[in-house]
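Letters are used for the chains, namely A, B, C and D, taken in the order the chains are written, and counting of residues starts over at 1 for each.
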Amino acid sequence: MSDWQDLINKLRQFNEERDWAQFHNAKDLALALSIEAAELNELFLWKKAEDADSQKVKEELADVFAFALQLADKYNLDVNQIVSDKIARNAEKYPINKAKGSAKKYDEL
Amino acid sequence: MSDWQDLINKLRQFNEERDWAQFHNAKDLALALSIEAAELNELFLWKKAEDADSQKVKEELADVFAFALQLADKYNLDVNQIVSDKIARNAEKYPINKAKGSAKKYDEL
Amino acid sequence: MSDWQDLINKLRQFNEERDWAQFHNAKDLALALSIEAAELNELFLWKKAEDADSQKVKEELADVFAFALQLADKYNLDVNQIVSDKIARNAEKYPINKAKGSAKKYDEL
Amino acid sequence: MSDWQDLINKLRQFNEERDWAQFHNAKDLALALSIEAAELNELFLWKKAEDADSQKVKEELADVFAFALQLADKYNLDVNQIVSDKIARNAEKYPINKAKGSAKKYDEL
């Protein structure tokens, strides 16, 4: 079994035991994901990157992954596949000779 | 090699080829993650969950995973470990007998 | 008439002409607000604060205000009142002698 | 004096008393704004719009306005002007005959 699927199974069991599927529609899962992402960002607020509390980063990042995985599960997506595909598409949008050393968006390159 | 380490390696190579490490401090990676999360949420805006475009959900969710993985890499975190640990801690914060069927936060249970 | 009430009236008329009240429940308005906030943040991504495009900042900030005003209207809130009240409460949470020169949250002061 | 300017003046005084200008670059103000927007959204998570706690909505919305106003101040923007201008531009992007009763984005109309 893939690592992702193992985590998804744990999350499924967690939710089933608590009868939480009723709340977990995709719209609210996406909202929960963005709220966790904001909590992660709060660790960097008014600070330099290196001054964030790494223990708390670990915790908030875990929450982000947990909701992202639940969304992947909801849509029956293979995490390895979708991320690999996206990297391949981004390689086309950001060709090395144009994008090297630049932080511009693809439509400004 | 674990699945997520394989993805992290692909992301590292993508960034190295483009000389992007200079931009990828943890604070901006977290910001990028929350922006991708917002793009994912936009697919559900003014709609019911089931009316979101699933192809676009797949794309935006892949972006979310890509930045979450780059943050995990930045902090040398083992994704399986941190998510499994978080599920275990959440099981304590949301005991089944209290949390079952409830959408309340742990501090309101 | 107060300034913000004038803007709320313009926003109401805009929405009524387009028959958009049907989409504008408070949950989606809040979601729209956070999406606009993310678009504002994207202008600063991978950059120093001073390198953001100020024309675009103006546009995205206007969108943020527009949705914040629509939410205030939805809940019949007086913007001057709620912000003034919040400043007063924050003055208690962040007493000058403790908070001066510190970026800590009130619960860490 | 406009309502907005009165609030901005109160916020300026609050920050000056605490010597917080050093933290309040535009990038972190925008980040703070999106974090407050996420806290507002959390009030609607797993719920219908009408089940959010309206007292808390008032508080979080006040925080959103406070950071939006500080950004407007940072860029010397006239809130009435930028929002009125944006409504006028949106009226062009969403002509009544095309946009009426539709939740589509302008580029899909």
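Keep in mind that, in the parts below, contacts are C-beta pairs under 8 Å (C-beta built on N, C-alpha and C of every residue); 3 or more make two chains touch, one makes a residue touch a chain.
Molecules present, by chain and UniProt name: A, B, C, D = Nucleotide pyrophosphohydrolase.
Please read all numbers here as calculations on a predicted model, not as lab measurements.
Chemist: Determine which of the two chain pairs, A-C or C-D, is joined by the larger number of C-beta pairs in contact.
Modeler: C-D
Chemist: What pair in A-D, A-B or B-D shares over half of its contact pairs, by residue number, with B-C?
Modeler: A-D
Chemist: Could you tell me the distance, in whole angstrom, between the mean C-alpha positions of chain C and chain D?
Modeler: Each chain reduced to its C-alpha mean, chain C and chain D end up 2 Å apart.
Chemist: List the centre-to-centre spacing of chain A and chain C in whole Å, with centres computed as mean CA coordinates.
Modeler: Computed from C-alpha means, the inter-chain centre distance equals 26 Å.
Chemist: What are the residues of chain D that contact at least two other chains?
Modeler: In chain D, residues 23, 28, 31, 34, 37-38, 41, 44-47, 103 touch at least two other chains, as defined above.
Chemist: Residue numbers of chain D touching chain C in their complex, please.
Modeler: Touch residues, chain D against chain C: 2-4, 6-7, 10-11, 14, 17-20, 22-23, 25-28, 30-31, 33-34, 37-38, 40-41, 43-44, 47-50, 52, 54, 57-59, 61-66, 68-69, 71-72, 75, 77, 79-80, 82-87, 90-91, 94, 96, 99-103.
Chemist: Would you tell me which residues of chain B are touching chain C in their complex?
Modeler: 23, 28, 31-32, 34-35, 37-39, 41-42, 44-46
Chemist: Spell out the residues on chain C that touch chain A in their complex, using ranges where they run on.
Modeler: For this pair, the touching residues of chain C are 31, 34, 45-47, 103.
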